[in-house]
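Shared chain: chain A. Partners: chain B in the first complex, chain C in the second.
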Partner chain A sequence: MTPLLSVEALRVDVARGAGVRILEDVSFSLSSGEAVGVLGASGSGKTTLALAMLGLLPPTLVARGSVHFEGHEVLSASRGARRAVRGRRCSIVFQEPLTALNPRMRVVDQVAEVALAHGERDGRRARDAAVQMMERVGLANAAAQAARLPHELSGGERQRVLLAMALLLEPALLIADEPTSALDVTVQAQVLQVLRAQQRERGMSLLMVSHDLGVLAVLCSRVLVLHEGRLVEDAPTRQLLETPAHPFTRAIVAAVRRMERPA
Partner chain B sequence: MFGRLLSRLTHAAAVCAVVAVAVFALLQSAPGDPFALALEGADVPAAVRAEWRARYGLDQPPAAQFVRWAGALARGDFGYSTSRRQPVAAVVSEAFPRTLVLVGTALVLGFAAGVWIALVQTRHHRRWPDRAFSMVTLAGVALPEFLLALLAMTWLGARWGLFPVAGVGSLGDAAAWPLWLRAVDFLWHLALPASVLSLAVASRVARHQRAALLSVMREDYVRTARAKGLGEWQVIRRHALPNAIGPVIALLGLALPSLVGGAVLIERVFGWPGMGLTLFEALLARDYPLVLAAVLLATVFAVVARTLTEFIADVVAPRRPQAT
Partner chain C sequence: MTPLLELRDLVVAYRSAAGVTHAVDQVSLDVARGETLALVGESGSGKTSLGRAVLRLVPTTSGTVRFDGSDVLALREDALRAFRRRAQVVFQDPNASLDPRMRVGDIVREGIEIHALASPEQAELRVARLLEEVGLTPSDASRHPHEFSGGERQRIAIARALAVEPEFLVLDEAVSALDLLVRAQVLDLLARLQAARGLTYLFIAHDLAVVERIATRVAVMHQGRVVECAPTAELFRAPQAPVTQALLAAIPRIDW
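Up next is the complex of A and B:
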């Protein structure tokens, strides 16, 4: 069976920064229904990797290699072809739930916009679907919250709005870029739960990017370790925790263990 | 809301009062008076001069003249124009609407065109449409308006004869034309001065709007909008523009006084008998009441327009509390 997403020899360079390479020769694949984590310190290229999957890299970055999603090449695709995939077959949830939302648009309109961008013509139906999805991802009192502006919601609520936006059209793949790092621990746990439920119920694939091994261990069956732009390890989560191969991974696992069992 | 409106109105009234005193003082300290030209010849007896000046109160000390003028103004009497030989109110009520139409047209057209140009530039950032419009708007900002006016007048008006070069309407039997024809005639005369003024407004608006849009395009929510699968135009129109247009509207309010100032030159060049031309001629003739009324009216206009744009900017793009 061909994988849902396969990345081969992906390299990302700064367009005019002679020789500044952000990602070096990254290859991995992800099958349908699988949840894969990408672990890396800040500056390791995690977010760049996430953006490259959707062809969302800023014009200052140049990607080479190949990103295959559902049988189509992403990097060389036309604008229109990329647009048709974004938000419908492959969605992304960003790190900062406040800045990722338009401060001057009601949240319901921001969620409904995904449907309207992909062929829905009836604005009311799109908004109804948006409210339903916000309820499903656990936004309390969704019908009332819907008409609010982002700054009127809490951080956890805003992250749920972003989740609802990403899940509205039931994509085959959800990319989550540090979806919980800006949230406090209890809200973090709730959001992870929603992600897991959505992934299990619908057989959606998940590519989750984080610097937090604990968060990845909860959701992902496999973890890729990104270190200074290179993929240094690709192993099932359990194996990674028990017998980490790369020195960087070993250091992280050891650090997590120390925190779990204080001397 | 009403508290703020009240404080703005108080502020506006204070500005007008200061301007009135300042202009009065400047006029008094300048050499000559309304009868300098008409009466200073050797053949006019001193007694006649004194009698005319006494009739208009010009023999009194400046402070007394000011009190007299302000008192009349408070009763709604703008005084009598010595150069036009009719009440100031009559002169102004004829000229002011013409300026309002000219500046208003320039403002609306210029703003719409400026925003549209900035949208196109943002859409094609760093490609040829962006560069080409940047050159045009730079020229529009840098070139003096009177130069553009003279160019337009020479080529479009005189050489190619597409538009009339001066005035607000055709002469001759035009007064007998039906209303619609006179309206068309008026617009035809309006075209050149309004276009030149619009070009100046559009250039300034476009440059500011482009900068504001490009800075907003780096925001995270713009990336979110792209991740939804929206097209670039939709991303710019729906997500970038609403977050970038507020400061430009406010800026327009600040630029209004200079727009009225620019209209003086345009009116002079195109012989558009609005407030600018009236003021210009009144100054040459030392027509104190008319100058005072014109300057005061321009001040009121600028202050009101600014308050209004601040209000509109508030409604279109309400200030939101800072994120916590």
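Up next is the complex of A and C:
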């Protein structure tokens, strides 16, 4: 069976920076229904990796190599072809839910927009579906909250709106870039639960980017370790925790162990 | 021995169009010399308002704040300046708290000059030593904040706070924005500095996991009140308040 997502020899450079390489020879694949974590420090290239999966790299960056999603090449695809896939078959959620939302638009309309962009013509039906999805991702009192503007919601509520947007059309793959690092821990736990439920109930695949090994260990069966733009480790989560191979991974695992088990 | 910091029935209320909000509601706490009291709660629980009220950075509605026996809210002029030297703060976001146009050496030196703590030559030397103490190098003094990583910038903010030889630091989410590995390193640095200088910390965080290693005691805040305050190991072993239990349950624990 071909993997859902397959990345081969991906390299990303700054377009005009002489020799500034962000990602170097990254290869991995992700199967249908699998949850894979990408562990890395800030500056390791993990957000660039997440963006490249969707063909969302800014024009200042140049990508080489290949990214295949559901058999189609993403990097060389036309903008129209990428748009047809994005939001429908593959979605992304970011860390900062406030900057990702339009401040002047009711949240229900922003979620519904995803359906309208992908062929739904009935605005009312799109909004109904939006409210339903907001309920499913645990937005309390979704029907009333739907009519609000982003600034009227808390950070956790806004992140649920983004999740509803990303999950509305039941994508095969969700890419989550530090989706909970700006949230309170109790809200983080709820959001992780929503992701896990989506993954289990629908067989959705998940590519979760984080610096927090604890968060990745809760959700992912396999973890890729990105260090200074290179993939230095790719191992089942259990194996990574028990016998981390790369010095960077060993340092992270030791730090987490020490933080969890005070002297 | 009297505690370094004593709060009694502290209230911080904000007035807005929606009415009066009690950000801090009748809080009484002591912080002993040399200890780390962690103040933990979710966003909006009042922990940052409490930290700022202690430093007189926001007005207090009622109650008392005593620092080393004297009434902080009654301090004027010279006495207030002396208090501001002894009690320093490190904020969450070093991008916002470090002036991007200033060189690191000037950022760290500023407090020494304001409080006239050393001659210019001595100040120079003190800045160099401080930078080394927080894990940077003396030559970093001539660089600008943007040339440093997030963790390094937080080290600069710590050096700046220490420049005036304080006894007490409010660490307001000081490691929350940092990567796990960098966070562990800065926590180690804070523990080392505390041991070497006999510092007292009020360590504010939204995440209990962060304070487990560094805190002597933990106070949990919810809706402006302290709902539980206990020695760290005890609080982790047998949390009493439902809020504490929820915060503990929410920590993504690795099943080793």
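In the analysis below, the second predicted complex is superposed on the first by the 263 of 263 C-alpha atoms of A that agree within 3 Å, B and C clash if a C-alpha of one lies under 4 Å from a C-alpha of the other, contacts with A are read in each partner's own complex, and residues count from 1 in each chain.
One rule holds in what follows: contacts are C-beta pairs under 8 Å (C-beta built on N, C-alpha and C of every residue); 3 or more make two chains touch, one makes a residue touch a chain.
This is a predicted model, so every value here is computed, not measured.
Q: Going by the contact rule set out at the top, does A:Ala217 touch chain B (first), chain C (second), both, or neither?
A: The second partner, chain C, only.
Q: Who does A:Val185 touch here: chain B (first), chain C (second), both, or neither?
A: A:Val185: touches chain C, not chain B.
Q: Of the two partner chains, chain B (first) and chain C (second), which one does A:Ser42 touch, if any: first, second, both, or neither?
A: Only chain C is touched by A:Ser42; chain B is not.
Q: Looking at A:Ala63, would you say it contacts chain B, chain C, both, or neither? Reply first, second, both or neither.
A: neither
Q: Once chain A of both complexes is superposed, is A:Arg83 in touch with chain B (first), chain C (second), both, or neither?
A: It touches chain B, and chain C stays clear.
Q: With touch defined as at the start, can you tell me which chain C residues reach chain A in the complex?
A: 42-43, 149-150, 179-184, 187, 206-210, 212-213, 232-233, 246-247, 249-256
Q: Using the touch rule from the top, collect the residues of chain A that touch chain C in their complex.
A: Listed in rising order, the residues are 41-43, 154-155, 184-189, 192, 211-215, 217-218, 241, 251-252, 255-260, 262-263.
Q: For chain A, which residues count as touching chain B in their complex?
A: 54, 56, 79, 83-88, 91-92, 94, 96, 98-105, 110, 113-114, 117-118, 149, 151, 162, 165
Q: If you look only at chain B, which of its residues touch chain A in the complex?
A: Spelled out, the residues of chain B in touch with chain A are 219-221, 223-232, 234, 238-239, 242-243, 317, 320-321, 323.
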